[in-house]
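Naming follows writing order (A, B, C and D), and every chain is counted from residue 1.
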Amino acid sequence: MSENILELRGITKYFPGIKALDGIDLNIREGEVHALIGENGAGKSTLVKILTGVYTPTAGKLIYDGQDVSFRNALEAQEMGITAIHQEASMFPELSVAENIFMGHHIKEKGALNWKAMRHQTLELMKKMEIDINPDTPVKSLGVAQRHMVEIAKALSIDAKVVIMDEPTSALTLREVEELYTIVRQLKKENKAIIFISHKFEEIQEICDSFTVLRDGKYIGEGKVADTSIDEIVTMMVGRSLDQMFPKKEAHIGETVLKVDNLTRYGSFRDISFELKKGEILGFFGLVGAGRTEVMRTIFGIDKKDEGTVLLKGKELKIHSPAQAMRKGLAYVPEDRQTQGVILEQSLTRNITLPIIDKISKLGKVSRKKEKQATGTYGRMMEIKAAGWHVNADTLSGGNQQKVVLAKWLATEPEILILDEPTKGIDVATKAAVHEFVSEMAGKGLAVIMVSSELPEILGMSDRIIIMHEGEKTGELSRAEATSDKVIKAATGHREEVRS
Amino acid sequence: SGQQSEPKGDQPLKIVLLVKSLGNGFFEAVADGGKEAAAELGNVESIYQGPSTATAEGQIDIIESLIAQKVDGIAISANDRDALIPVTKKAMAAGIKVISFDSGIAPAGRIVDLIPSDAELIGRQQVQLIAELTGYKGQIGILSATSQATNQNLWIEWMFEEIKDPKYKDMEIVEVVYGDDAADKSYREAVGLMQKYPGLAGIISPTTVGVLAASKAIEDEGMKGKVQITGLGLPSEMQHYVENGTCGQMALWNPVDLGYTSTMILEALITGKVDGNVGDKISVGRMGTVTVGKDGVSIMGTPFVFNKDNIATYAAMF
Amino acid sequence: MEIDKTLASSDRLVDENKRLISKIGSLLARWEGILVLIIIGMVIVFSNITPYFLDYFNLMNATFTFMEKAVLALPIIFIILSGDIDISGAAIIALSSFSMGFASSHGAGTAQVVITGLAVGALAGAFNAVFIINFGIPAIAVTLATQSFFRGISQAILEDQAYTHYPESFSYFGQGYIPGTIIPFELIFFLVLAGIFAYVLHFTSYGRKLYAIGNSATAARFSGVPVNRIRFTNFVLHGLFAGIVAVLLTSRIGSTRPNIANGWELEAITLVVLGGVSITGGKGSIVGVILSIFLIGYLKFGMGLINLSAKVMIITTGFLLITAVLIPVIIDAVGRRNKLKMQRRRG
Amino acid sequence: MNALKEMLKKREATLILLIVVLAVAVSTRAPGFLKGDNISRIVNDTSILIMVGIGQFFVILTGGIDLSVGSVIAFSGMAAAMMNQSSPGTPVILILLAGMAIGLLLGLFNGVIVAYGKVPPIIATLGTMSIFRGFTFVLSKGQWVTAHEMSESYMSIPHGHFLGLSNLIWSAVLVSVLLFFFSRYTRSGREIYAIGGNKTAAKFVGVSEKKVNLIIFSMSGLLSGLAGVMWTARYAAAVNETATGFELMTVAACVLGGVNIAGGAGAVPGVILGALFLGIINNALPVVNFSPFYQMFIQGFIVLAAMFINTIMDKRSEKKMLKRRA
């Protein structure tokens, strides 16, 4: 058994009004992948930020390589050999890939930055990771998955002893996830310590050796992944066991409410056709970048379509803005909660009531009573964990922010609900709650489109599945015919093997 | 709002010199004249005020506060001859005596307008000065202050009048440009004049900022001796160029006298020695008497001409 | 046992004190609190120095010197709150005043003159909006250019001339009083407008949307807020209000020249940010801006009363602007530290 | 391929094209406008704008703005001129350095307020814009310093020639080259881009926002201080209104030069071109035969048109980029 490279003793962190971490102990060993597990808001990301010098702990000790250390900023942690892929997007969109990777530890020669060397090393890294990105491309012109790979490359560009990955897979395609696993195994071989945060148990089982569970900022326990069942971990996480992950209710499928014909947006997707029925959950699967989001954005009036028609209950839907879409009974839960979903600097109340602000106003005046009602009803439905309805959304953990987004769209009481990666970054318990809720709503006649990159979720929840690949529809399967093999084949572009 | 100023016993009279803007040597010298008059009169407190940038609105705001503190008299060098009228009327209704000096207010807005010199005299003299320098021939450009400056515009009209005289038959005014009383823009405009008219013989700049910037521009462009410059300038600011010959001669009235005379006139009006009617003669200390002319306009005298020989003496004063 | 109790109660006392302090602290940390304090201080100082300050007539009359800038500040609140900026306000005033002079010199009556001014103002605002919203050029860039453009139009046509003839009754807007009182019409007019703005901002859905846009335009758009329409409206509103200001100002000074209201855009923006509206959008209240309007207005007036030089005035307002932002930051920092300390003690 | 470079090239190419079109248009109305000595005159006249514009550029790059540059120019210019006046014997290089040091201090003051006081840059510099201007009045007691009170050597600071170019042009060239290098090849330079691009991400890699704010404001102050000395020496007059409104000119130069006003994007060459564009307008307006009353209108119109064309071209190249990717 190898040495503890990193030990935490009694780490405590206060935010005004919140005790985010309460006496956390952690043992990280070299050559091991250690999973950090916990519900949304358990304190995982906060812990990461303490380890990387972004936050200073209120109390507690950090022992690194047998010595007490404290970091005043991220640079000091980096110089000690700790690097991280943060949960929040941390790219510089206007700057090149090479520069994004080397920001903070540029390569210098004779006092000046050596761009040639940095470009060269970037190419090497890219080769090692088997991805094809030009080091000079500005990051803003990369897709989400590519960006994420750049983030990973950035962490690897530092010769670190401890590599922290905070939900690194949430925006990656299957191939890239495999790639990441290879990288992690390689790092392990190089005797590095890896801290891996994820809400997906398959990943933890696949790649992690040991784990620590946090709950409400407290240390709950640790163990070996091989010796522990998922049920045991879940029980440690939530304090109880969960019955069912994908509580799909019997569907009562009604008439067609939405019919999309040959919808095309140049450069994004082509000839997309499908029907959505009342009471149905229509799953959209594809690899990240398949163009599902863009189809949904177009239907919701955010982007302009170039060709094709959308029929709502038989009548052509002509909309140019989300406001119009909402009036027609559509709702869209966007995939990027940080910039599209929540307004970070506003209270939960204001967030939840924003889409319905006109509905709860009379002659322009907002009714405080209705506002309270709406917040209470839908906020409670989602079991949001927060100090109150008045706190700003930026004080919530990622998962809880996602719940706020869901609550705010449910408040519009839509006929058609489009969910884009609704459980991205959400913990198991909440995920189950969301699933149960969606399925219940569908049971009451709501038509649901669910875009997801999580295969179990798609298979478990959908009545029908549409699969996309590089902007085209490559398959449509009923619940009965769908298997993970078939779906993945279509998602990777093997159209001929799936009849549609 | 018929507020009348009550008699105030032996409180000194508050007489305000309100200038176009602060930070201008000309007006600082005006302020000195005001102090001189106050010292001479004994019962007068001379107050020097002006906005930080030369706007009518800034002057109006100051006048409102002068009304509120019930000063006794205000002499104004106006940034706008019309815009000040409503507020100065209000001041006069409140019992404050208002006159204008240097840059006038239209008759409805003041009792007396003390002009340093007749616009006609100034305009004609400027043309004469440049003619003497250029030998009565060549193209002449005019570099003015802002295009809104009323006193400058009036003088320029007279310049065009004067040049019609046959003795100037070989001279023409080719263009009027505006430097907005900013050093860099005036400089650029002066350079522009020289570029546009390669045969330019002289520049008249009837504004202190302009004449200074134009002199510098002539020097920098190596046109000293080829392009003559005259205008209205402060001796202390222009000494360098007058002494080195860039500017052969220029004119100005004495700003100290202007401040002095304004204060004297106001004191006479406040104490009721005169009413400021047409024909009234006001005795103004060392400056003798000033006669109130048509429309309340009073003239102080002909602008004084400065040249190499006398500038050092005056530079020490203003 | 006894000792323990007293300890406990004295502890509570300390806590009570702390709470009181922190309450005052949190009031101070609120922008409006700071402004109120400064205003009180100002009144005390001035009323001790000069007998003319606390004089009902003077206090009323002084409002003439800042009500127009105050009116211009109102739409700027909306603009800044939604994350935009507009520095062409003063130029629109010039253009609008010019068009009124033009109309008047062609025989228009008071009503027509006013309508002309408002219409031209609103059009100029729409012109800005088209470039900013439809063509996507940054607001500061557009309004920087239109600043010269709008004023330039009136200068090109009016040259060195002035319009000095306005209908008799036109002078009421900027010079008149509420009949039978010495309350200026401009003051009441502003207060009514401010009331409407406060209502819209703090009680209506339009206000909510403004804040939402200022905090995150993307999230607002995804939530069905017609972001661009609202921003467009704001710029037109700004133009319209610049037109209103042009009416008031032209009426007050009875004449129009192209350099009218020079530099007012920055003064109005200063009022808004001093009033606590975050320059990056999404934060601020009308109350703060109203306080800052009266603070700056009376401060300048008071300094004028004691004949302080204009240079002292600009230094003072500069410092005021910075300290008003600094104080809450400092109090907030101290407050946070105390709070954390207390939290730690409680465990 | 090299998308960023391509786009940059495009943006600057647009601007160069606009400059050429403008210059040719002017020379049809004012022959001789494109002659060598006039071109050098324009560059000379634009040098100050280039230097201060580059200072402004770094501030805007972080998403801030420095509205106090005009006042810093006035104050440091006045202080330098008064130093020269009171002791004409002092070597001018010392005065030049003193002027720069004063500018640096004023800039540092801005930087401290922003970095430690957490005051947004626009508010901090709106405040110091008044304060520094007011102090200029206080310092000068309302008086000017003019030619006869300045030593010959002082007035020759900007005019001295070297290899056929004036010192003023040389200093602009030096500032441009140095700061281009700084922006591209130093760690601090890149950190400025990082802060402007994504503050959170910058924090994650250990970039100190405080340090960056201190650097950019000091630099802007230093350059304004240098410009102040040059200004008063060039026009042989230190007045209180020096450079009033100049801050907006520098912002306009940046915006025209393709600097993203929200921060994170832009480059030194663009700023230089933007400044030159404005410099040409400023120098052309006095020589073309338009009524002087049209100047303001024409200036506004041309700047608006240039921004419009710039934006349209940018959008088109961006669209092309998206199409290519698809």
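Following the convention adopted for this analysis, a contact is a pair of C-beta atoms (placed from the backbone, for glycine too) under 8 Å apart; a residue touches a chain by one contact, two chains touch by 3 or more.
Predicted model, so just to flag it, every value in this text is computed and none were measured.
Distance from chain B peaks, on a Cα-centroid basis, for A. If you average the CA atoms of chain B and of chain D, the two centres end up 35 Å from each other.
Our note on geometry: chain A versus chain D, Cα centroid distance of 44 Å, whole angstroms.
Shown for chain C are the residues in touch with two or more other chains, namely 155, 159-160, 309, 311, 313-314.
Residue positions of chain A touching 2 or more other chains: there are none.
Counting partners per residue, chain B has 22-23, 52-53, 147 as the residues that reach two or more other chains.
All chain pairs that count as touching, in label order, are A-C, A-D, B-C, B-D, C-D.
Chain B meets chain C in the complex at residues 1, 3, 22-23, 47, 49-53, 55-58, 60-62, 64-70, 80-87, 106, 146-150, 153.
Remark: chain D residues 1-5, 181, 184-187, 190-191, 193-194, 197-198, 200-208, 260, 264-265, 321-323, 325-326 touch chain A in the complex. Put simply, chain A touches chain D in their complex at residues 52-54, 73-78, 84, 86, 88-96, 99, 103-106, 108, 111-113, 115, 134, 136-138, 141, 266-268, 471.
Interface residues of chain C, counted against chain D in their complex, comprise 87, 131, 135-138, 140-142, 144-153, 155-156, 158-160, 266, 269-270, 273, 278-280, 309, 311-315, 317-322, 325-326, 329-330. On chain D, the positions that touch chain C within their shared complex are 113, 117-120, 122-124, 126-131, 133-135, 137-138, 248, 251-252, 255, 261-262, 291, 293-301, 303-304, 307-308, 311-312, 315.
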